[in-house]
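Shared between the two complexes below is subunit A, which pairs with subunit B and subunit C, respectively.
== the complex of A and B ==
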């Protein structure tokens, strides 16, 4: 029986770094899932990703976020990366999670992502649901997970899974 | 090739039960996932989740909730369980069950454990909720058991609970 949910690649940082790259992603799957467990080093960093090293203004997002006391919905258009979280909390010792699904990543239509951010930091916290769009008809062949300012700590782990419908 | 997404255990209730426990969880995976569909016989019911039998005040959570007319957010620190949402209760439309997924990454790591949660209680009535929640268990021990219980009454027959292991090895 063919496996439906397969690991494609995993990276655990041996030292602090601002990005993690998955390259040479095959088109053998239907969807991709990324599970990213991290600690942020710096405050004010925006976390997200880019596909195929595209730094053009081809990304947009809409998010709803709860901070424990307030709710806010935000959106951005013509950004140069997918945004998962804005203004990271500095130097928390708690692990945080991004779970991202990339739908029909090998197709020739624009690519939609759905991400959940879970970050309870024991004294503060945030939870978000975010939809992103990459306006490109190219198949996704590489993914760069990134913080645009500062680093993730050593021990940060990101795993790329492929999900197969056939 | 090793299987990435594996059913570890399941429990589909054939009669009502006050709690469900997954015990002796093997240390063979990277992450854990629980998928549940539940209903309880109390009037207003939250679900309580505990790890390794720990009922001390080592849990915290931040949640976002939408009820069909407004969104709000709240948080709790130093509580004795992770209680992210209400399950469909006796006052809800008959034969409807809440649904949820609980994602527990790095359940073996010797750090505090983060939890991702997404649950819904849609039942074709005004009291329906959608709730993403972030949780934290402040304990560095590997997770070896998970308890799930309503805060009053019992889970009813037909409630189902599935525990999966995900391996990135």
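== the complex of A and C ==
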């Protein structure tokens, strides 16, 4: 029997890689949470995810970002992945964190996500809050966390949690 | 609590040792625009609502102990603009956008120190809706309940609409 909040799986990269996969995700929970702590090998990669290996243009987002000196809100439509970094790319200098909640991931509606991005780079950086949409009524059974160019460093970690309602 | 009891009685069910417990959940009926949690136990330190809501176009309102929050301050992004404001006696969970029957409006709402009888109550909310178009919004909100009365009931209300049957709202308790 599933618990109210429990870890489903965790991955720590032993060597640099461009993606992390969680597969065969059980439908036993109500929501999913993903905590991803990463650093880039080289600059220039945007970070995000895909569900069920869907590479179609079925993803979109609305984001608000604070850079330390200004605020900005951006959107993307008909993307081929969920984007979590609307205003920048993954940095090489410091660890950065995504926390993503996937609501009603096994349900029959489109899937909406809430993500916070925390990336202070000791003199630059940003904080963002993002709502993402995956226009699919399929249950989420796999999640691929990915860089769209370049690799994450060895030691990057990602943990998948399940949250169950009463 | 149920898990704890069952865990004691049956080797097949793990006892709950979590500091994060499910208290109750509700789904939309298609014929009502109000989801209510009443008689909330006073045995936790904080509460959290996780909601996934669909309805024909309506603003969503939070009520606590039957009343709107005394104050709301918010920051939002529409995809092209950033805005911030505050208002008295306002309980909107998303300030500019309304619900949809196609695109879920979701959020996580934390109700801090809800059982205190000596403190006013602060609530924070992170919510959003994206519709692959200009009709999207992400929100960060803070509400003040200017009362030292413990919180015993919460309502999530779709103004002028009924909650679709795909709507789910879950209430969790966080131990202190």
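Convention: the second predicted complex is superposed on the first by the 157 of 166 C-alpha atoms of A that agree within 3 Å, B and C clash if a C-alpha of one lies under 4 Å from a C-alpha of the other, contacts with A are read in each partner's own complex, and residues count from 1 in each chain.
Assume a contact is a pair of C-beta atoms (placed from the backbone, for glycine too) under 8 Å apart; a residue touches a chain by one contact, two chains touch by 3 or more.
Quick caveat, the model's predicted, so the values are computed rather than measured.
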item: First (subunit B), second (subunit C), both or neither touched by A:144; value: neither
item: First, second, both or neither for A:67, with subunit B first and subunit C second; value: first
item: Contacts of A:35 with subunit B and subunit C, given as first, second, both or neither; value: first
item: First, second, both or neither for A:95, with subunit B first and subunit C second; value: first
item: First (subunit B), second (subunit C), both or neither touched by A:157; value: first
item: Partner chain(s) touched by A:109 [first = subunit B, second = subunit C, both, neither]; value: second
item: Which of subunit B and subunit C A:5 touches, first, second, both or neither; value: both
item: Which superposed partner A:129 touches (first subunit B, second subunit C, both, neither); value: both
item: Contacts on subunit A seen with subunit B and repeated with subunit C across the two complexes; value: 3-6, 64-65, 71, 73, 116, 129
item: Subunit A-facing residues of subunit B, complex; value: 1, 3-5, 30-31, 60-65, 71-75, 77, 103, 105-106, 109, 111-118, 132-136, 138, 166-169
item: Subunit A residues within the subunit B interface of the complex; value: 3-7, 10, 35, 37, 64-71, 73, 93-97, 99, 116-129, 157, 159, 161
item: List of subunit C residues in touch with subunit A within their complex; value: 3, 12-14, 16, 18, 20-25, 50, 52, 54, 75-82, 102-108, 126-134, 136-138, 140, 166, 168, 170-172
item: Residues of subunit A that touch subunit C when the two form their complex; value: 1, 3-6, 30-31, 60-65, 71-75, 77-78, 101, 103-104, 107-114, 116, 129-133, 135, 163-166
